[in-house]
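So, here's a batch of structures to check.
Paired with chain B in one complex and with chain C in the other, chain A is shared by the two complexes that follow.
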Partner chain A sequence: MSGPAALAPATRTPGAVRVNRVVLAVLGAVLLAAGVLVLLLGLGALGADRADRAVLPGGGTAGWVAPVVGAGGLAVAGLSAWWLVLQARTDRLARIRLEDADGGRTVLDGAALTRVVEEEVEALPGVARASAHLSGTSAAPRLHLRVRLAGRADPGEVHRAVTGEVLARAREALELDRLPARVELDLPRATGRPLS
Partner chain B sequence: MTAPPAAVPPLPEPEQRGRTTIADRAVERVAAAAAAEVDLATGSARRVLGVPVSAADLPRVTARVHGDEATVEVDLAVAWPAPVRQVARQVRARVVEQLTGLLGLRDVRVDVRVGALVPERAPEQRRVV
Partner chain C sequence: MRGVDRVLALVLGLAGLGGGVLLAAEVVQALLGRPGHLVVPYEGAARWLREQTWSGAWVLAVGAGLAALGLLLLAAELAPRRRTLLVVATEEPDVVTAVTRGGVGRALEQAVAAVPGVDGTRSRVGRRTARLTVRTALRDSTELEAQVRERAAAALAGLGLAAAPALDVDLQRVAA
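For the complex of A and B:
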């Protein structure tokens, strides 16, 4: 099934995505190594009586065991909390800083831009709903636009109107030569058909 | 040094005779009116959870005055798709001009926050009072 879900929402920061890959790879390697080690132990590959002995000498009653386990647990908890916090960080842009001079700064609410873009797109024929958000940086913002089409819309026509007119006006307002945009056209299921 | 033999003792320097203070409120009024004079800038309605709850007539201004310096924050809407940065510059220039000219402030910093972009209405729909 290939719906809009096939396009991953590009809202996480590139840094968070990289950290996720590394953490998952390391976690996978550690678990794999542990599994292989236990398997080898159980099969007697590391000495026949190894599997029958206690994991720790003395059955884990030595004085250093509890502090070490505690410290290890704390470290795991800390790293997990850091990883969790990282997931909440997105590269959504709430406001665009247009100018920061001695005389004062100029800030544009991201919602102001997305609201007017949504209104313009929704005013196009064949569009049922539109939602937009910004990402990137103030100097190089990116626009994400999701457009739900009404029954008998021509997706090509809507796409041309969005990229040709609405995005041109957005560039004009922001005085940008480039405003990379990601436009998702969402077709109603009943009339869904591939873009030629 | 001896005092001049006049009946009236000389007045102290003007700065020592009293102080003129300009209220924040006065600066806010003047700045709001000045900002509204810029063609492509208007007020933006105050929004709570995205729902407009106040009329959008004049830009909202908050100001803090220290002596003859002032920091002014202007919250306004800009006509779409006018270049926002240039409209903000015009607003800043106009506000500084009026505050220095009318109130005699010397150092004015104007921060502009654009809270809405409003598509331009057809001329007959625009109400001029």
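For the complex of A and C:
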């Protein structure tokens, strides 16, 4: 068995998750550095005379300060806008283009395919609910499947049925030899205690 | 953490966008030589900052607060993400199937709930150990424990995990 034995849950926006983590870590480092600098200044570690100076020096500032502060403001605004836009970017594949042997082209609606997959999985014994989506590219799509099992289902059985029948049919529909898939199974809490 | 990150991204992104534009607007206002502020009444804050020295109690408190907040954020973002899914062993190279840890725990609880003498169950599943706590009112519980252990082990084996956590059954006696 290759690959990890444990995984983090899949996300619709892997790019945003990564970027958020990096941006917030950098922000944390900047806050930490600023806080430490203020403490060092205030406690006189950078010279006793500096500790007694005003935080904001009185009188006018040098001529270059104001434009630099303004440009900094615009830069922060631009980066923030980029960060906000990024939150909406998903890895979902809405349409799949199939190239025929004779040069023809068919466009397949991703939602139509995933709906069929969902219905097929929900028809399996022991499955309460299924949701599917496609990611990647038209040439190499990936299928993500989230399956909620009903009370007394055998996860192994469901796994076998999904990998055997459902994925084979999806590969056929997409005219692909390979369709990498990730299946997340969840078992709900049984409603009420079973009597025996 | 992803959800928290997402909320922080939206709040800080909006604040950065609005704050940055306002800052630039105020600078332009000042550069044009117009007196007073455009939107943000910052004169009071500037006056207060001119009166404070770096060694002032308030300034030190703000510095300590910033450092603590930064450290907290940095630690939270650098901590490894929880892997809440346990992978099921498979022969298919292209398919990865995984069960949620909560789901594994519920499967164990369901497997033993019907055993006579079991009054209640609780589970806690990690990557290395799965702890199943069973409450019982039985005075002599040796047989029950063996039965619970056997059924839970069978349920865990039935999931076919690539690296199944070690099973730890804990019996709790309650008054009948």
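We adopt the following convention: the second predicted complex is superposed on the first by the 149 of 196 C-alpha atoms of A that agree within 3 Å, B and C clash if a C-alpha of one lies under 4 Å from a C-alpha of the other, contacts with A are read in each partner's own complex, and residues count from 1 in each chain.
Keep this in mind: a residue touches a chain if its C-beta (ideal position, glycine included) is under 8 Å from a C-beta of that chain, and two chains touch if they have at least 3 such contacts.
These numbers come from a predicted model, not from an experiment.
J.: Give one of first, second, both or neither to describe whether A:185 is in contact with chain B, with chain C, with both, or with none.
T.: In the superposed model, A:185 contacts chain C only, not chain B.
J.: Look at A:125 in the shared chain and tell me whether it touches chain B only, chain C only, both, or neither; answer first, second, both or neither.
T.: In the superposition, A:125 contacts neither chain B nor chain C.
J.: Have a look and say if chain B or chain C is in touch with more residues of chain A.
T.: C
J.: In the superposed arrangement, which partner chain does A:169 touch: chain B (first), chain C (second), both, or neither?
T.: It touches chain B, and chain C stays clear.
J.: Under the stated touch criterion, which partner chain does A:15 make contact with: chain B (first), chain C (second), both, or neither?
T.: Neither chain B nor chain C is touched by A:15.
J.: Under the definition above, what is the set of chain A residues touching chain B in their complex?
T.: Checking each residue of chain A against chain B gives 98-99, 102-109, 111-113, 115-116, 119-120, 169-170, 172-175.
J.: Spell out the residues on chain A that touch chain C in their complex, using ranges where they run on.
T.: Result: residues 1, 3-9, 11, 16-17, 20-25, 27-39, 41-44, 50-58, 66-67, 69-81, 83-84, 87, 149, 151-152, 154-156, 159, 162-163, 167, 178-190, 193-196 of chain A touch chain C.
J.: Show me the residue ranges of chain C that touch chain A in the complex, using the header's touch definition.
T.: Residues in contact with chain A: 2, 5-6, 8-10, 12-24, 27-28, 30-31, 46, 49-56, 59-60, 62-78, 81-90, 92, 94-100, 102-104, 106-107, 109-110, 113-114, 116, 127, 158-163.
J.: For chain B, which residues are in contact with chain A within the complex?
T.: Touching chain A from chain B are residues 44, 50, 72, 77-78, 80-86, 88-89, 92, 96, 108-119.
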